[in-house]
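Multiple structures are listed underneath, in structure tokens.
Same chain, two partners: chain A is paired with chain B first, then with chain C.
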Partner chain A sequence: MKRIVTIALSLKKSDSAGFWLVSPYLIFFLLFVAYPLVFSFILMFHRWDIVTPMEWVGLKNFERLFADPLFFKSIFNTFVFLLVHIPLQIIVALTLAVLLNSATKMRGLFRAIYFLPVIVSGVVVTILWQQLYAFDYGVLNTFLTSIGLPRIPWLVDPDVAMTSIAVMATWKNVGIYIVLFLVGLQTIPRELYESASIDGADTRKQFFYITLPMLNPTMVMIVVLSTIGGFSLFIEPFVMTGGGPMQSTLSATLYIYNQAFYFNHMGYAATLGFVFALIILAVVLLQRKLVETESVS
Partner chain B sequence: MTRLLKYLTLLIGAVVFAYPFLWMISGSLKPELEISGLGLWSSQFSLANYEQVLTRIPISRSFLNSLIVSLSVTTSVLVFGSMVGYALAKLQFIGKGALFLIILFTMMIPFQITLIPQYVLMVKLGLTDTYAALIAPTMMSAFSIVLFRHFFIGIPNALIDAARLDGCSELRILFRVIWPLSKPTLITVAILTFMTSWNEVLWPLIVVRERTLMTMPQLVTIFVIGGEAESQLGLLLAAATLLALPVIIAYAVFQRYFIESMVHTGVKG
Partner chain C sequence: MSDGPFLSLLAIVCLAGLACVPDEKKLGESPSSVIQLTYWPAPNQQEVQLADSLVRMWNRMYPAVQVRVQPIPVSQSTEEVLLAAIAAETTPDICSNIWPGALHEYTKAGGLLPLNQFADFDSTATLRTPRELLNTFRSEDGQFHQMPWKTNPVMMFYNKKLFREAGVDRVPRTYSEYLAIGARVTRDIDGDGRIDVWMGERDIRPIWWQRLFDFYPFYIAASGGQTLFRQSEVVFDNDAAVQVMAFFRECYGRKLFPLTFFQGGDPFLLERKATHFGGPWNIATIQKLAPHLEFGIAPLPVPDNHKGQVYTAGDYKNIAIFSNTRHPREAWEFVKFLIKAEHDLLLLQIANQIPLRGDLLTNELFASYFRQNHAMVTFAEQAVYTRGMDSAPDLKEIFDVISQEYEAGAVYGRKSPHTAVQDAARRARMIIRWNQ
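What follows is the complex of A and B.
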């Protein structure tokens, strides 16, 4: 009896303890999430250079946005990036994961090497690839000319530059998805393949009717995370190209940065941030609808 | 035959991922004229480029800055994240359900929307060019709270009740009873948080202009685009190698944990 009373009392006490334990988060939430969200909403209707007082401009920032060719250019660039990045990532990750899954020797070593670029700073990767991509003396063009192929204008041709950045981003991130696919592959029950081969399905059929559908959750994750990554692309164009040539690598986040910190257009930058955020949410929702299959989840 | 082809493909893959790093390290040790070659060896390896980098930019100071920032952020995320996770998993209080929904909601907010207002907040609080500006906005993470909550739910209540009967406070229960049982989750959160914080560069670029306060990736970025390197390849590669080295060493030691953290959470750092 005494025991029950003690527990009941301590439970009652834990009520206030719960509040106490979450209170640091509440302060954090108010300061760094709630306030910025509210303030971003206010900023969107103002012109502000952060020094002089804010000036109410109504919907001017939105009018400007919908007439801003660079806004549309940055979205276009992001889609170019995603169009190269997502399929390339899936193909490379899937190929290497399937091979690794059937290989027994040195699987750990290969996995560790493929994962290396994931953990290294984007700044390192960007500096490195800037040298690999250099037109005259870059490693890739040196290699191409040595086997008799013409040089590729990796970062200097507006039609190629964003693709080059997408290839580099794939190199950096694909290790995560190799590992995730590998985990996915290992959770597929062996019996599925056994019964399929008894029914006369060849390896090709097994891949398309068993392996691929079973990996759908990982697929969805790649598509969604890559999309968020595409809209967050910043340091790569910032260091490599500055958004050029001819704005062909101007990314969404780089454009926000430029408007805010080169031109001091805080109001307009906040508007851009808000609209980009809406676009990200819309695209991700759409992708989930399109890519996610219901049978496996 | 297919076996051979399989290992050949895997090997080519390994070369594609590892060779650029080897080339970078070797290039940082070569004299300027030899760098653009494809080979890794040079008879004239020297540390000249590193000496130049060390004298031109305060890179050892930036290493220290990065260490201070990343360690503070990681400690804070572990302590506060587990506090909230524990309260959500094991304690009863009014508004608990709502708070959890709010936390899930914050995970969905793209950072693009809060970037500018957060900067304005730093300006208003007079925190630009301080460690506080680098640390404060990432002191807690919704993601880590969700991970902690998820793991703590599985811990038997009997353990906690026993500790309460012994007169332990909730904080003491968390750190003396729960933490020792949660090492895998603590390691996962610590690695992801530290790595994300160490590699972060956009936020430092925004809130810090003072060179002696810059983080390592930020200083190297400024070195590259600010023209201080005078487009000398060797210097760029040496700076990049210095930036990569701490993480690569940590990775070499804790490789398994790094990969498992990522798998465990399925989110990139």
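What follows is the complex of A and C.
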């Protein structure tokens, strides 16, 4: 009996200590995950402009969503961004990583230079690129006209603007993916290249038959990370174009932000956020399925 | 039952009530404890200067009630700042930059004090503003939450020198005339392949309030004074709106307006555009920053088949007292002080803006001002033919929708003007339905 009491007491003490140890995470979770999640769920069935009391509207927010062409446009734009950004990111990052991996001199300096945009504030980078992209007096168009080429409407043509933003986002983020590819490249055993070289494989064949297949796990990780980053596209269109021209750069996150903080439609924004989260979930599940298939194969 | 306690209570209530009524004499008495009021004017230079002058006068006259001027914190729009202030309960006591289009949001949030609770509201307001016009500022609940203060009719400024240089000797009155003159005025002067002088320019970004200076006043002009709503119903999907959209499409399509926005200064002041759609506040800016600029003012161009008076939109700005003021009566006295005739004269002299008074062109007090500032007579005359903003929910988003469709239909021409107007009206109805 005495032994049981001792065990119970020690368990209790241990529980209490454990509870205190995890409490920072618990508090964080309750404040920044559970509470916003529950509150957002409640908001979906209300109209609330922050200022006046919440008003129950039932499924009205969902009715509006399905009749709102701008939401679907913003989802479409986000996918356009992903379609341009992810392949571009992979091609540029991989090319630079291969070059940096083979460089013998000043390797560290170049790595630092390519990583620099990653640590610079997104707003600063965006304002800088806004000056580069300016139609009449931007650096890029001034250069183009000086060599006799026509100006490109980088940010003022609805067909070009999202691609321009994707190029800028690639420049901003490529450093981190270069590092990831470099890590991947350095884990490939040198013996594979030596063996292939003895068998007569040239550099091109070595790249396509050794480097690329061996980088597959890194590639998958980069696709997943780029997808997640792409879905949260916000700063670039917010600062550069405000979502224009003709909503061609209006990302889903920017549209949700506009509804919440520009028009004060908190309930509708929560509904948009919920549906957008479902879409992301579907894409992530699809990717997971592809990754699992890859592992099995 | 003895009436003693009841009568005593009544006497105390009456005395307390009397003590709370600060007539001008009481306001002027030497202070035992000074009441502080905060007044937010619009953050532009002229209105801050006007506010400073008026408040200095007030503070000298009424030491017991001291007013502090604090320009509205700069943001993308005053309405955002005021709504945030209402939510955070950090509003001032008085603000003189109340846009009637946002009144629905402010009153819904319970942010404004009904001014008709003051016994002398009606006499004060009608002494200055004709009753018919005053009634257009009544809130949906039948109360008055704003004191009509000033309006800024949107009209067309034109650069006389640029017109002269292009051989133009008349002011365009119709769309055809505007486009024909535009073709002559818009040109590349130095031969570098870039247009140096444009007929006009508008900010092409779909910012909702930008449409208050192009689509909306042009729509009011083309429709003979109609606004966007009639009895809470969206009614702007009509020929007038399509004509306006088509007119701006022509301006961009014929390259009379640039498909970019200028950086580095106001193109009208820099004489890089020949026409500008703006209000009387532009006069002070031109006189200060470009004193040699020769300009004229004319009504907005209208469709070729237009008949009758040319209306326009007025950017009304009114005065309101916020409901969290601790000194409503003193605030009301200050509002009355702001709208005195001699202070309306200061509004004209310092800010070049039109006070909302019925006797503006007949009162001797203003006669010398209008003799010296003939350009302002044009605005004063137009003020009668000015329309404001409907009281409707989510006007900001509705104007945002119009901006997007304007961008598609006029700026880029990706939709026909008719489709753009129809789509804008359909989406506006969706927003109104969602709000019901």
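Assume the second predicted complex is superposed on the first by the 272 of 297 C-alpha atoms of A that agree within 3 Å, B and C clash if a C-alpha of one lies under 4 Å from a C-alpha of the other, contacts with A are read in each partner's own complex, and residues count from 1 in each chain.
Criterion: a residue touches a chain if its C-beta (ideal position, glycine included) is under 8 Å from a C-beta of that chain, and two chains touch if they have at least 3 such contacts.
Note that the structure is a prediction, hence the values are computed from the model and not measured.
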For this session: Kindly say whether there is room for both chain B and chain C on chain A in the superposition, answering fit or clash.
Result: fit
For this session: In the overlay, work out which of chain B or chain C sits against more residues of chain A.
Result: B
Exercise. When the two structures are overlaid on chain A, which partner does A:Y257 contact: first (chain B), second (chain C), both, or neither?
Worked result: first
Exercise. Regarding the shared-chain residue A:I50, is it in contact with chain B (first), chain C (second), both, or neither?
Worked result: both
Exercise. Between chain B (first) and chain C (second), which does A:P153 come into contact with in this model arrangement: first, second, both, or neither?
Worked result: second
For this session: Take the Cα centre of chain A as the vertex and report the angle out to the centres of chain B and chain C, nearest 10 degrees.
Result: 80
For this session: Using the superposition on chain A described above, determine whether A:D68 touches chain B (first), chain C (second), both, or neither.
Result: second
For this session: Could you look at A:L128 and tell me whether it touches chain B, chain C, both or neither (first, second, both, neither)?
Result: first
For this session: Could you say whether A:P24 touches chain B, chain C, both of them, or neither, answering first, second, both or neither?
Result: first
For this session: Mind working out whether A:M246 is in touch with chain B, chain C, both or neither, as first, second, both or neither?
Result: second
For this session: Please provide the least distance in Å between a C-alpha atom of chain B and a C-alpha atom of chain C in the combined superposition.
Result: 5
Exercise. Hey, what residues of chain A end up touching chain B and chain C alike?
Worked result: 50, 134, 137, 242
For this session: Under the touch definition given earlier, write down the residues of chain B that touch chain A in their complex.
Result: 6-7, 9-10, 13-14, 16-18, 20-21, 23-24, 27, 35-38, 80, 83-84, 86-88, 91-94, 96, 99, 102-103, 106, 108-121, 123, 136-137, 139-140, 145, 161, 164-165, 169-171, 174, 195, 198-199, 201-202, 205-206, 217, 220-221, 224-225, 233, 236-237, 239-241, 243-244, 247-248, 251, 255, 258-259, 262-263, 266-269
Seminar exercise, completed: Within the complex, chain C is touched by chain A residues 47, 49-52, 60, 63-64, 67-70, 134-137, 145, 153, 156, 158, 242-247, 262-265, 268
For this session: Quick one: which bits of chain A touch chain B in the complex? Just the residue numbers, please.
Result: 3, 6-7, 10-11, 14-22, 24-25, 28-29, 31-33, 35-37, 39-40, 43, 50, 95-96, 99-100, 102-103, 105, 110-124, 127-132, 134, 137-139, 142-143, 146, 171, 173, 175-176, 179-180, 183, 221, 225, 228-229, 231-232, 234-235, 238-239, 242, 252-253, 256-257, 260-261, 266, 269-270, 272-274, 276-277, 280-281
Exercise. Touching chain A in the complex: which residues of chain C?
Worked result: 83, 86-87, 105, 108-111, 193-194, 204-207, 259-260, 263, 394, 396-397, 400, 404, 407-408, 411-412, 414, 427, 430, 434-435
